[in-house]
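The same chain A turns up in both complexes below, where it pairs with chain B and then with chain C.
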Partner chain A sequence: MDRRHFLRVTAAAGAGLLVSGTASCATSASSGPVAQTAGTATIQSNLSAPAAKAAIEALVKAFNDRKGSQASVNTVASETFRTQLPSYLTSANPPDLFTWYPGSLLKGYEEKGLLLDVSDVWQTMGDYPQAFKTLSGRVFVPTTYYWWSFFYRRSNFQKWGVTPPKTWQEFVALCQTLQSKGVIPLGMGAGSDSPWTASSWFDYFNIRINGAPFHRELLAGKQRFDDPKVKAIFTPWREVLPYTDPNGTAIGFQEATTALLQGRTGMLLTGAFFADAAPKDALDDIDFFRFPIIDPKVPLAEEGPTDGFFASSKSPHVKELKEFLTYAASAEGQEVYIKNSSGTILPTHPNAKDSGTPLVQKGRAHLKEAAEITQFFNRDSSDALQPTADAALIKFLQQPDQLDTILADWQKAAQQVWSS
Partner chain B sequence: MSSSTSGRVFHAVAGTVSFLWLLPIVAVLITAVRSFDDIAAHGLASTPQSFTFAGFGEAWTNGGARAMWNSVLVTVPTVFLSLALSSAAAYALSRFEIPGRRSIILLMLAGNLLPPQILLVPVSKLTELLGIYDTLVALIVVQVGFGLGFYTFVLQGFMRAMPNEVQEAATIDGAGPVQIFWRIVLPMTRPALAALAALAFTWIFNDLLWAITVLRSSSVMPVTPALLALQGQYVSNWNVIAAGSVIAAIPTVAVFLRFQRHFISGLAVGAVK
Partner chain C sequence: MSRRVPPVLLLFVLIPLLVEGFWVFWPALQGFWLSLTNWDGVSPPRFAGLGNYARMLEDPVFHTAVTNTAIWLVLFGGLSAVGGLGLAVLLQKERRGVGVYRAALFVPVVFSLVATSLIWQVLYQPGGLFDSSPLADPDTALYAVLVPALWRQVGYVMVLYLAGLKGIDPGLYEAATLDGATAWQKFQHVTWPQLRSVNSVVLSVIVIDSLRSFDVVWSMTRGGPYHSSELLSTYMYATAFQSLKLGYASALAVVIFVLAFGVIVTYLVRAFREN
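Up next is the complex of A and B:
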């Protein structure tokens, strides 16, 4: 009796589930972007952070409210996006637009004919500085960028009686003063899931000492990591290592941010996105200064990673997606985006208004003063080269006396990436 | 005296081990009820200075509810289909003299030994060719296909151990193969089915790899990729992610608690009443 009852129940439940399962699948099949509705450009977005996700959704809504072409956005985890991008692009029916950044990865896809030529969108972008045009080529439309610098809490600097340094000597002196007050001068968050943040130090030493052109050549494989010029940049780095958080290769980027906000560390070399990891009431207290000048003869370069969109060459919605790109590149579109974001990013359109906070205005001026803009290690080189930098730099932070071996190993690992 | 000392040692060791075992879960639960500003200002490891359920609300509304439903839509039909198909296959392979049955079982098992990573691209291309890419049907088909070998292997081992007399008695009473399967073999396989159902449910519910291989729209993503999507490119709201993880763990815990009773009682009663 008991057994029969069990069987009857299982069979009934099973049949019911089977029906509901197939029914629901049928609906999801028609709502997925693979069955693309005519005239809607789909955007595959990796902006999964809540603030950024809200911003791109607001941008798409504003675009659709213009009653022209329509667009829809599909947000996936940035990590999923990064690993799946090749299969998205090579699939028979790819999304129309993708969020991404300019760089060697994009060039590779362009050479394979996977990307759409959007130079007619650039016709509408006459106000844009030449630097963005050179960076983007014919396949990319930049919409936002941000800056890197040493961030600190103004109230803490006041409490400690110190001021932001301009030159390398002042910077080292500042580190000494802070250490004598029992504060770890330099924060670092190169452990956990963010070893790549150590590359910002490498980038800055290289563009301060050897200059941006050499830096780009090095990352493109035209120079060597075991070159004496590269070795030279580790001398000033070694000088400030005693002032760097000894836990810097153990804790992640977000924990390093917390350490800075709590005043356990004095300053942190990081991107403006770090403001997303700060509580709202701390934002007004945050200020920054430029990575100190080491050699005044080298033209001033700054890291200003750029973000934007590119399109798939297989897209059947060329008219719609170009209309969207034109809107995203306009001052109006970028203002909508920034108003709905966390607010520490800058618009690429020279006439678009930023969020207007003193921090952001200072950041915009900070990049405008630079003669050259670099993107970031992985953006100027490739995502494949980034792990070689992570391994080398983390080892340097832990065993700075092994520099020669580290650089030789780095060159070997990099050569494998370049030749593959 | 000595027995009470060893008892105390045992309790001390076992207590410590369970405490260490539960520590991560406690940490997640505590993080889930903190506010983001508290975590950002004081760090993940600090003593909580806030108490809020806002993280749960945010995780649930920020795609969590839809993702849960998608997970249910994938997991329940997949568990049912895989067990139905594999128990039928196991019945045939264990109770009948099918030519080459040993090779068939080995072949099914060999399929399981292939690392799924090497099949990602072919599976993704295949679902595209079939026109089911980016639908839940694709995920169900893939999950059933990959589970089948293992479930069949386990079930046929279980069914082979059943005494032949039971089947012979049923045949003498006039039962055909289908009746024997339905009325004798399946009910006797209940403990194995319950255990496998609980395992399959957990595996499929917690799968991430296949979901992100055959799906690309956030509207059809099950709960694991949705949890991943709560992580930002640079900054993650740990309280929301912890709350989301707690929500995502509830169904598997519930299924395990429910089925635990099933397979323990099934094993205790045994095959022959």
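Up next is the complex of A and C:
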């Protein structure tokens, strides 16, 4: 290699490094916090699904059209958002508002002084039920929520000659009937990239048998996973394992939805969001019933994951962002959002109109009847605890006779999370 | 005779060094420092000494990840080297249509591994290639993920060896033929020794590639079911970005670095000595 050639190569490599350096700088800037412009509240949004993205953009547009303060939204992929959230919040110049949900993660950030106190926005939210206030504290403004339940196709239940159960005994009997007709009674989509869906079963057994307060304490690290009370909830779960899709830990959430819609499985414990993927003609045929009551003495609790906004304490646009939060919490703002979204979500404002379909109206009543609302495993605990639940519950579904080891391992893994 | 180094040449050396230092060495050193702390990404890091390393000794998931990474290194590295060399020898002669075969074997390298995983996920669906998905069974999950990773790597290694084979002087084969060498003897005494420099490249490539294998595992199993297909790389990612334990995750990254560096340096030292 002669010297001239060497020089050319070195120069090219240097230029390449520089280019890749600036390129990676540019991409990190675009996926990072949005640039601050004077007088505009910036919203960092993780609502990257098309319907949700359209909805928040419509909400921001409606807010800006009022000719008051202005807001702008920057949507990033939800996985990026989740991993980058600590960097956003600790950066010198963070976005003003963030989409998120209430829970322990938010509490941790609040204790570190990273979140803005938005209790004056709550002054305008007098109609909101106490449950939302308790959930949100001083730093969060809820805007939408949805429900979990057993979904089924009405036409299939008619064809099979069965009706929705209320009690645990009726539920088990229904499973037996469906199995005798050659249908897999219970769908499950806890394989692939959605092992977290198995946690809905855990949550429900725990809030039906031990009640919501115990459930929250357990998830907050004040109870133990190897407690006999926790072990007890696996007894009814084991009772219905023979009726659960044997491929339940192999297929993902999407395939489980398809199996339900095609009538290969009878019912599926899932969030209402699953209906967003359902074809239009199937939508009118979808109905649901609540997770059966196991112990009537335990106050009725339901899972109702809530979404909304919080603000950075470093924001220079306090006035603008509070104006936006007030609008997002109003009935008007939520109706704009819901009209432009997929339609199975519920407004948190008690007087805001929902999409009005029978399914959604029933869902709203379903949550209103509950004395307690839980959020979901990762929301009531943390995203860090979720993988420990995934490992434990998938193992239980595959090897139920290993329960004692599973719970001991789970407790050990959870302690690692809590202690850090 | 001493000649002053022209300033332009100095610039050409210094600028890339600065860029490399800022974008590569500085973050790497920071990562090493972080591995000695406990850090959640929000509060200031707390110094923990070698606590994170001590913790690995008692962490059962870490043990699984190390074992799986070793299995992965041997199978992924070994099979892709053997397969790649075999295919290269098979396809080295210019024959009609040989280009089609070479291209076909190279095509998987062009696909993004995430897309590749999606295709294989469909093949592995229950009722597809198998009655029940091998990805869901803790005994088979690791191997089920290994297949698509190999499917891609073999084509890549094949191209490296093809280039190496092209560089061998045909005169050596002629001489061997005149001496009455069999095909195996030719391979043993001509091809293999001539491929030595390619071998060190292939070794570096497969060691680095197997230790950084991440996307294919993450998109197919996320290290599951219950950590049975966990590699050091996926465990590091989950520890950093799901559990937000950035100190422990940095310690895992240091372990990966030491492993990669160790294997490659050992090989290079040996190779230099032989020369």
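Just so we're on the same page, the second predicted complex is superposed on the first by the 385 of 420 C-alpha atoms of A that agree within 3 Å, B and C clash if a C-alpha of one lies under 4 Å from a C-alpha of the other, contacts with A are read in each partner's own complex, and residues count from 1 in each chain.
What we mean here is this: a residue touches a chain if its C-beta (ideal position, glycine included) is under 8 Å from a C-beta of that chain, and two chains touch if they have at least 3 such contacts.
The shown structure was predicted, so the numbers you read here are calculated from the model rather than taken from an experiment.
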{"item": "Partner chain in contact with A:109 - chain B first, chain C second, else both or neither", "value": "second"}
{"item": "Larger contact residue set on chain A - chain B or chain C", "value": "B"}
{"item": "Partner chain(s) touched by A:89 [first = chain B, second = chain C, both, neither]", "value": "second"}
{"item": "First, second, both or neither for A:229, with chain B first and chain C second", "value": "neither"}
{"item": "Which of chain B and chain C A:48 touches, first, second, both or neither", "value": "first"}
{"item": "Partner chain(s) touched by A:395 [first = chain B, second = chain C, both, neither]", "value": "second"}
{"item": "Which of chain B and chain C A:255 touches, first, second, both or neither", "value": "both"}
{"item": "Touching partner for A:281 - first (chain B), second (chain C), both, neither", "value": "first"}
{"item": "Overlapping contact positions on chain A, where the chain C interface meets the chain B interface", "value": "7, 14, 17-18, 21, 24, 83, 87, 255"}
{"item": "Touching residues (chain side chain A, partner chain B) in the complex", "value": "3, 6-7, 14, 17-18, 20-22, 24-25, 28-29, 31-34, 44, 46-50, 52, 74-80, 83-84, 87-88, 91-93, 95, 253-255, 257-259, 261-262, 271, 273-274, 276-282"}
{"item": "Chain A residues within the chain C interface of the complex", "value": "7, 10-11, 13-14, 17-18, 21, 24, 82-83, 86-87, 89-90, 108-109, 112, 114, 191-193, 195, 246-247, 249-251, 255, 383-384, 386-387, 390-392, 394-395, 398, 409, 413, 416-417, 420"}
{"item": "Chain A partner contacts - residues on chain B that touch it in the complex", "value": "36-44, 58, 62, 70, 73, 76-77, 80-81, 84, 121, 124, 128, 132-137, 140, 182, 186-187, 190, 212-213, 216-221, 225, 228-238, 240"}
{"item": "Of chain C, residues touching chain A in the complex", "value": "9, 12-13, 15-16, 19-20, 22-23, 38, 40-43, 59-61, 121, 125-126, 132-133, 135-136, 138, 219, 222, 224-227, 238, 241-245, 248"}
